[in-house]
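Across the two complexes that follow, chain A remains constant while its partner is chain B and subsequently chain C.
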Partner chain A sequence: MIETKLTNKNKSVSIRRDAPTVMIGERINPTGRKEVLAALEAGDFESVRRDALAQVEAGATVLDINAGVPGADETILLEKIIREVMSVTDVPLCIDTANPKALEAALKFYEGKPLVNSVNGEEKSLEAVLPLVKEYGAAVIGLCIDSHGIPASPEERLAVAEKIIGRAAQLGIPIEDIVIDPLAMAMSADHKAGWVTLETIKLIVQEFGVNVTMGASNVSFGLPDRKYVNAAYIAMAIQAGLTCPITNPLVTEISAAVLAADMALGKDEFSMRWIKAYRKRNKGAGEKR
Partner chain B sequence: MSDMKEIFQAVLEGDRETTVTLVQAAVDSGVVANDILQNGLIAAMLEVGHQFEEGEYYVPEMLISARAMQGALDILKPLLVKAGVEPIGKVIIGTVKGDLHDIGKNLVAMMLEGAGFKIQDLGIDVAPETFVEAIRNDPNVDIVGLSALLTTTMPSMDATIKAIDEAGLRGKVKIMVGGAPVTSNYSQRIKADGYAPDAGQAVTLAKSLLGEKSVHQ
Partner chain C sequence: MIETKLTNKNKSVSIRRDAPTVMIGERINPTGRKEVLAALEAGDFESVRRDALAQVEAGATVLDINAGVPGADETILLEKIIREVMSVTDVPLCIDTANPKALEAALKFYEGKPLVNSVNGEEKSLEAVLPLVKEYGAAVIGLCIDSHGIPASPEERLAVAEKIIGRAAQLGIPIEDIVIDPLAMAMSADHKAGWVTLETIKLIVQEFGVNVTMGASNVSFGLPDRKYVNAAYIAMAIQAGLTCPITNPLVTEISAAVLAADMALGKDEFSMRWIKAYRKRNKGAGEKR
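Our next item is the complex of A and B:
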């Protein structure tokens, strides 16, 4: 069984298909969240610390950190956010940047083994990111995308995954340090998009057995009642082989669906994780009784 | 006029088959193509945009309405050309360099087409030079629409506007920007001519930019 191990100074997380799903908290990201963008632009890190704590409290065991603020120096801001987050929690981090300079600076001071988000099948990306992953002993997310864009079919996406895994192997990066993202796309724009992603996950698991991540909430873009779509979809994706979704654990429907899916797949002994999460959610009500 | 009401309704419901049948019947019975376009199709797409703005309509509903309109346009286009009906303006649109997201850009393109604009869609991951070339090659272009979904690709909007400026083409076109992380504030900072928060309001914006443009020329 392939195991991807992520660590921070004091904590380690193991991602594997026979263990409970690892939720990577998505909220520390100014894209699509105008209030985060505004706070970061104003140099206000209180909301970042609050978001970090709340997500860990809600079950995230890894946090994604994205510092993409237009006009800001990403290298400086990324480091600042990481330090702020580490001042309140010690979960391993997923360093989310398209900027190799910012990535290297973050890898330099990060103590432990982070997840790098991300590399893709384009030459430019492979050449810039993989050597850094190797040098700093990180794990990396490989996006099933290349210079031709986002492949339409599961087979073509698998081919991109194969290319990334192969190039990483040439540099001596072990397969367990590659986490593949099959790309979750909006079903509102293409009604087959959800299915293509599920099929891609199955192929990747069959072919390589590697861990699989994705921005699971993308599938519901443009639809009403997104949380129900997200909850059903994430459970199906876990069944297909998704092991570490990047998602919002504060949405109860999503975190409950993840726990229920794990239970259904025999990954929750005596249903204790499910029961504990229920108690936590209903703590206020219990105290009143 | 009851024909128009039915066409309007069919487009609003995204029923392509009915739309095409009704439009063909209207044409056959001698209704002027431009009347069908204005009072049936454009009016319906305006309503679709309005419903979307209000949060009543969702992305798939816009897509099927646009598809119904396209079906009707296939019938009307040759007739409009023959009658000398011109588009109300020409828009070049694209997702900026480094960004592969296309849903928002496609919706805006469809809504603008539904409002009577002629659209040239440059696609995704469009380099500033490509926008510059497209503007240079087309003397009739009125508006350039730039889309970005990522905070990290928003600077490509800035770069594109600067490139248009440096190429000496800034006076020739109005530039509008949009996309999830884009704000009115950012639009002003990079000296775009306007920002719209969604595809429905992009139509209103494009029309007002067109008005400004004709006043200045």
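Our next item is the complex of A and C:
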């Protein structure tokens, strides 16, 4: 059973298909979040600390950190946000940047084994990111996209995953340190989009058995009542083989669907995790929006 | 592609795995519903008519009819309820009784092809129910249980399904008129229960390709926040091959999960069904409890 181990100074998280699903909190990301963007531009990191604590309280055991503020020096801002988050929680982090300089700076001071978000099938990306992943002993998310764009079929996406895993192996990066993202696209734009992603997950599990992540909420983009779509879809994706979704644990429907899916797959003995989360929700935690 | 056709005087419903999921409304059943029981005992059928209309409004295209009132003459009560339901809606019905006399009486006057709920793997049941199904040209639900009780493993449940399908074939009942129920049990009592049912569904689809039903809400028995468990589980079961759950369409989380699962499997072009249901909900329909 493939196991991806992520660590921070004091905490370690193990991602494996025979264990409960690992929720990677998506909220520390200014993209499309005006108030967070404004706060960061103003040098106010209170919302970042709040988002970090709230997501961990709601069940996230890894936090994605994205510092994409237009015009800002990403290297400086990413390090600052990571330090702020580590000042309030010690869960392992997912360093989310397309900027190799910012990535390397973060990898330099991060104490432990983070998840790098992300590398893709393009030469430029493979050459810039994989050596850093190897040098700093990190794990990395491999996106099923290359210079030709996002492949339409599950088989073509699998081929991109294979390319990334193969190139990583050449550098001595073990397969358990590659987490594949099959890419979830909007079903409102293409009614086959959800299905293609589920099939891609099944193929990846069959072929490589690696851990699988995705921005699970993308499928509902453009639809009303997104929380219901996201909840059903994330449960189906977990059944297909998704092990560490990047999602918003503060949406009760979503975190409940993740716990229910684990329970349905026999991973919650005596329903202990379900009942514990229910009690937490009804103390108010997890109900925040 | 196997197709189970159910009809009533004016309406026909087709159940097939490549079409949207068919919701069979479960609410016309006095079992565990005190107010309905009391009304029926008092000869008041208003709640039956209300339940029929509300379920159809919320997306049920077949209605399960159960007349299990202790002490009442089931033959008379079942016919009465069916006539009341047919006075307000013309969707095909699922005749839910363990009493062969009551079943035959209902089959006699029902105008069309109903679904009989149910036969199981016991000789007594096979001999009492299958000849009636054949004589009246109905379809029938086959429960994966026999004289030894509910089998623990997916393979043993499959064997019961095989026995029922085989015996039906001997009487000339075509396989498309057998809908298998793998049996959903409480996960709070056995943490593997949800998984066993999902695996049974996959085996049944692989082996026979027949339509699959179940009382999907049983899995959450004894747990808090059942609606979230039921929503996630029904989506996963649809992904496994469930085609016509017996459920409560008035619970928004459940009917939304069914529509979302269909969308995720590529069965909702332009998200038309999702958006239509959303608009209905927000006119008030489907929000009733």
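By definition in this document, the second predicted complex is superposed on the first by the 283 of 289 C-alpha atoms of A that agree within 3 Å, B and C clash if a C-alpha of one lies under 4 Å from a C-alpha of the other, contacts with A are read in each partner's own complex, and residues count from 1 in each chain.
The rule is short, and it goes like this: a residue touches a chain if its C-beta (ideal position, glycine included) is under 8 Å from a C-beta of that chain, and two chains touch if they have at least 3 such contacts.
Quantities reported herein were computed from a predicted structural model and do not represent experimental measurements.
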{"item": "First, second, both or neither for A:Leu198, with chain B first and chain C second", "value": "second"}
{"item": "Touched partner set for A:Ala98, first chain B, second chain C, both or neither", "value": "first"}
{"item": "Which of chain B and chain C A:Met1 touches, first, second, both or neither", "value": "neither"}
{"item": "Touched partner set for A:Ser188, first chain B, second chain C, both or neither", "value": "both"}
{"item": "Chain B versus chain C as contact partner of A:Trp274, first or second or both or neither", "value": "second"}
{"item": "Which superposed partner A:Ala42 touches (first chain B, second chain C, both, neither)", "value": "neither"}
{"item": "First, second, both or neither for A:Ala231, with chain B first and chain C second", "value": "second"}
{"item": "First, second, both or neither for A:Leu223, with chain B first and chain C second", "value": "both"}
{"item": "Common ground on chain A, meaning residues reached by chain C in one complex and by chain B in the other", "value": "188, 191, 223-224"}
{"item": "Complex interface listing, chain C residues touching chain A", "value": "187-188, 191-192, 194-195, 198, 219, 223-225, 228-229, 231-233, 235-236, 239-240, 252-253, 256-257, 260-261, 263-266, 268-271, 274-275, 278, 281"}
{"item": "Complex contact set, residues of chain B against chain A", "value": "58-60, 63, 98, 100, 103, 106, 124-125, 149-152, 154-155, 158, 180-181, 183, 186, 189"}
{"item": "Chain B-touching residues of chain A, taken from the complex the two chains share", "value": "30-32, 34, 37, 66, 68-71, 74, 97-99, 145, 149-150, 186, 188-189, 191, 221-224"}
